[in-house]
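Each chain gets a letter, A, B, C and D, in the order it is written, and its residues are counted from 1.
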Amino acid sequence: MKLSVQDLNSHYGPAHILFDIALEVGDGEVVALLGRNGAGKSTTFRSIIGLVEQRSGRIVFEGKDVSHQPTHAIVSRGLGYVPEERRIFTELTVEENLEVGRQPRRPNAPHWTREKLFALFPNLGEMRNRPGGRMSGGEQQMLTIARTLMGNPSLVLLDEPSEGLSPKIVEQMVDAILIMKKEGVSIVVSEQNLHFAKLISDRAYIIERGRICFGGTMAELDARPDIRDAHLSL
Amino acid sequence: MSMVPTLLSVEGLSKSYGGVHAVRGVSFELKAGEILALIGPNGAGKSTCFDMLNGQKDPDSGRINLLGEDTAGRPPRAICRLGVGRTFQITATFPTMTVRENVQVALVSYRRQLFNLWSSTPRFEQGEAARLLELVGMGGYADRPCGELAYGDLKRLELAVALANQPKLLLMDEPTAGMAPRERIELMRLTARIAREQSIGVLFTEHDMDVVFEHADRILVLNRGSLIAEGSPEQVRGNPEVRAVYLGEGLVYDARHRKGLSA
Amino acid sequence: MQRRHFLGASLAIALAGLTNTAMAQSEIKIGEINSYSLLPAFTEPYRKGWQLAVEEINASGGINGKKLVVVSKDDGGKPADAQTAANELVSSENVAMLAGTFLSNIGLAVSDFANQKKVFFLAAEPLTDAITWAKGNRYTFRLRPSNYMQAAMLAEAAAKLPAKRWATIAPNYEYGQSAVAVFKKLMSEKRPDIQWVDEQWPPFGKIDAGPVVQALAQANPEAILNVTFGADLVKFVREGNTRGLFKDRTVVSFLTGEPEYLDPLKEETPEGWIVTGYPWYSIKTPEHDAFLKAYQAKYNDYPRLGSIVGYQTIKSAAAILAKANSTDPEKLIAATEGLSVASPFGEITFRKIDHQSTLGAFVGKTALKDGKGVMVDAVYKKGSDYLPSDAEVEKLRPKE
Amino acid sequence: MPFYIVQFLTGLASAASLFLVASGLSIIFGVTRIVNFAHGAFYMLGAYVAFTLTDRFSGALGFWGGIVVAALIIAAVGVLVEMALLRRIYHSPELFQLLATFGLTLMVEDLVVLIWGPSELLGRRAPGFKGAVDFFGQNIPSYDLFLIALGPIVLGILWLLFQRTRWGVLVRAATQDRDMVAALGVNQKWLFTSVFAVGVFLAALGGALQIPRDAVHHAMDLRIIVDVFVVVVIGGLGSIIGAFVAAVLVSELNAFGILIFPKISIILVFLVMAAVLIVRPWGLFGKQEGPARRTPGLTVNPWRTLTSGEQLAATAALIIAAALPLFSGNYALTIGSEIPRWRACR
């Protein structure tokens, strides 16, 4: 078991956002977290790595309970996070953005070098010294993923990687994720685009109003159009 | 068709930033009641095109003819007065006001009643506001604060606000961004219905090919600032260059729209 | 229940007020205000001075048998805070009189308060002429020689210099401006031939000495009038020395001979400046010897001019209270007008005409001795010799 | 003409110290978003400690070593302050941060008077830079020439530090988006502490380098802090180049301003600041801050709203206060009127 989340509850001030979230990710698995805008996908990710301060529950990563650790400590254990809205450092070059993400290599996770990442995202290799602010949306999205991979994570939380990207870039993203998977990185990906999710995921959870309301394999989800209709507006 | 008036005609529109051509020599026309999609890779120049059309940026060269008037270089306010409505990529509503009040504010500014101290907003144009909300299917939400609305509903409210202006042309920059697939289809279906009923021309950008192929009458494809293709959904789908730079293998949108891609 | 608490609290406050009014009659209080936190270099020796005076007075039986108590407050260098402190001293401590203050603008603020509340105020240090003249009032007296008096003493010496081209440098606030104005006026009367070639007005406490010194040098004056003091003076002197500003030029300088300002200059002390000050090491009079011995015995330190001012302020106040034998302001005023008191500098008199004391100052030259600045050729100038005629003073002071 | 050149060089020399202190403030603000009012206090402490060290240890090594060691000691003090005080208030509203650092300044001032006494202290002149250089009949202090050279050198070192080291990259990243840096596994705490140490080091170095030309005294902090704030605002918050250009601009304005308007040199700088801000609201080299990347809901209210009991109590207190004149003595009235008027003294 790579990651196990139990009874995760989160609040923003007085608002209760997540209710008893439970999910599990196996070694080398790609798991989709599906749900509408505002269903709690991003908050789930932010809570797992400790960016949401008011949270309770048990988060076990690689057998260690990390529920009470600060963000940087959780992340430097090998739990990578790729935020939505492409929070790259616009003032920093591509190389420098990667440098921020760099962490020592880890025995139980694939090791990524700049060259390996530039092979994975050829566009980035062509603009090593370009400031992040002067890149297109697709290039920025690739950079955020590459930046997180520089930390040699064994698990990556990918928040809506296909949002706002052109179909062709989304296809490149599919390829990249499949390569990451092949290298041995476990992945949780939050999505609204079911086509995309289907291409990469082994299993899926559906989240609705802060509660997990389905968990199962993609085949199981395909067999339950009622659930898709009720919770996903797909 | 020849009787349908041309709302917008653009000729040789160009804009560059510091030597980089964001948009070069773009020309197209848009007729009343027509739904035109502008697609292309991220950074192809779609947003720049939009900004020039609604007056937020001045073109370096080229003509924009809107309802018979040359509007290149005019400020957004003036263009808005000519009958151009916009919805924003980032939802631009007042979160603490109710749904009805948001529409009323739009109506007040359209009627230029901003400085009329004798009219009070609560009563102003209630009937018209109700009609617009009904039109976008939000009649039941009139008294809810906007902050409480779901994302998809906010987008519909935005459409109502844009319609308060009684526009002849709607510019929509990624109108369905961040929405669930079915919500996207529904929003565009609604937009298309209103556009056809009221002979409003619609120009929109979009990355969701399901939405584009389902609703656009015509598609413009922009790459690196230039138009590389223009035509019906079928024509665009079959265009190898468009596939190479933008559409890809068609894995990530609905199979119904992949016709012609296998060739 | 709440109502009872409310009444209890109100009663306690009221009682606190009552006990304060019904104060023990066996002591007399003086309320003292100064800029202790802002200007410790001056006010610390000043405090030592008045503490010595209080000790001496009480040791010899107090004031007509009553013990003298000084209640001291810090104004933090702000006129508004000084007024607040004054109000508190008068209304809660029931002091017989107010005394103290250093900065001119604060002295004026407290003087104004004294006038409005009809409280006796003995201003210790503020030098502005306005406090006894233009804005003088019935309730305010001043101890130290004013700007005018010090300017007159310096002008007397300066007028004898051959220099015709003069430049000035002074801090840009009340004190600096009035010092320059009076000196210029007095000099121009004595020497119509001199020219004022440059003036520099660095902000108080914020001199950017390099450019200022360079600008002064560029004007090429034959003599310079300096009114800066404290940290500004140190910076000005250092840059002036480095850039050779004082070479072959005479400098006439307010207050620079006071140990407070001279001592920090150490080996940088420029030689031959004509200054007012306090050469405690070379004053050989019985009055001063007695003071010096007592001060050094108590504090194991040498006195600064502030020590003299603090000491003499309380000594004068005690003499006033003793003579009036009352704390009624009107009786205090009557007792002070024309009162003569002994001081370490000899006998001084509080003038009836403008409430200015005739305390004088030493005028001499700076010199460098064993890596320290000293004042040489110092001569005591009596304050009474450097005040304008009574007719002039009457014109300067508003009618009551 | 030589006069104007010398006046220009004199301005440059004044700019050097101002730049050191301002760049420190700017760096600290850029990353921690704390407006460190205590920056002047560190400047002053640097000068005092350097005074003591250079006084104690003679010779050129004693002097230059004393300057550097003083700055290092104060940087270490800065680390303690950051860990003990600032870490607790990073999430407080700006006003609280300003009050806390202002309080620190007052404490340092009192401490300095306690330790070093109230009088101005005269530091040693720098060995090797005691005299002046003759420039067409005008004298330029050789120490000024040293400072003129030092400014660009420090600027260059800072540039290398920020552009060529991993630490610099992390700091620049944190300047833009602190949460994201943490989400990439970087321990922000120590990053902030190190940034604060560097900023304080620069302030203390600026102060220590003043001892050959200034009086060391207990009001140095407030004297410099206003100028430094002006420099940072003109240059653009967080920009080191901006701090350099603005320090030169302010110092030159001062140097030439006194030739034309000796009496208004104080306001001249503020006029320029106003003019710059009208044309460039984020300062000469500042960048407009993007929309705050604040997660909705994370904006926690620093104040709890009053419970009904507390509201009653507050109303009662107000009524008592209003009724005071009816029954209380002079003293209670004075104190009573002082309490609502209370402000941080000085």
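In the analysis below, a contact is a pair of C-beta atoms (placed from the backbone, for glycine too) under 8 Å apart; a residue touches a chain by one contact, two chains touch by 3 or more.
Note that this is a predicted model, so its numbers are computed, not measured.
Novice: Spell out the chains that contact subunit A while also contacting subunit D.
Specialist: Intersection of subunit A and subunit D contact lists gives nothing.
Novice: With chain centres set to the mean of the C-alpha atoms, which chain is at the far end from subunit D?
Specialist: B
Novice: Using CA atom means as chain centres, which chain is nearest the centre of all the protein shown?
Specialist: If we average C-alpha coordinates per chain, D lands closest to the whole-structure average.
Novice: Once you find the CA centre of subunit C and the CA centre of subunit D, what distance in Å lies between them?
Specialist: 34
Novice: For subunit B and subunit D, let me know how many angstrom lie between their CA-based centres, rounded off.
Specialist: Their C-alpha centroids are separated by 50 Å.
Novice: Averaged over CA atoms, how far is the centre of subunit A from the centre of subunit C? Could you give it in whole Å?
Specialist: Averaging C-alpha atoms per chain gives centres 74 Å apart.
Novice: How far is the middle of subunit B from the middle of subunit C, if each middle is the mean of its Cα atoms, in Å?
Specialist: The separation of the two C-alpha centroids amounts to 78 Å.
Novice: If each chain is a dot and touching chains are joined, what shape do you get: line, ring, star, complete or other?
Specialist: Chain contacts: open path, no cycle.
Novice: On the basis of the stated criterion, which chains touch which? Give every pair.
Specialist: Touching chain pairs, listed by label, come out as A-B, A-D, C-D.
Novice: What residues of subunit D sit close enough to touch subunit A in their complex?
Specialist: 166, 169-170, 172-173, 175-177, 179-188, 287, 293, 295-301
Novice: What part of subunit B is in contact with subunit A in the complex they form?
Specialist: 39-43, 150-152, 174, 177-183, 207, 209, 245-254
Novice: What residues on subunit C touch subunit D, complex-wise?
Specialist: The touching residues are 2, 6, 9-10, 13-14, 16-18, 20-21, 37-38, 40-41, 43-44, 76-78, 81, 84, 87-88, 91-92, 172, 199-203, 205-206, 208-212, 214-215, 217-218, 230-231, 234-235, 238-239, 242-244, 260, 263-268.
Novice: Given the complex with subunit C, which residues does subunit D contribute to the contact?
Specialist: Touching subunit C: residues 3, 6-7, 10-11, 13-14, 109-110, 113, 118-122, 131-132, 138-141, 143-144, 212-215, 217-220, 223, 227, 251, 254-256, 258-259, 262-263, 265-266, 316, 320, 323-324, 327-335, 338, 345-346 of subunit D.
Novice: Show which residues of subunit A lie in contact with subunit D when the two form their complex.
Specialist: Subunit A residues touching subunit D: 11-13, 15, 17, 46, 49, 51-53, 70-73, 75-76, 81, 83, 87, 89-92, 96-97, 99-103, 147-148, 151.
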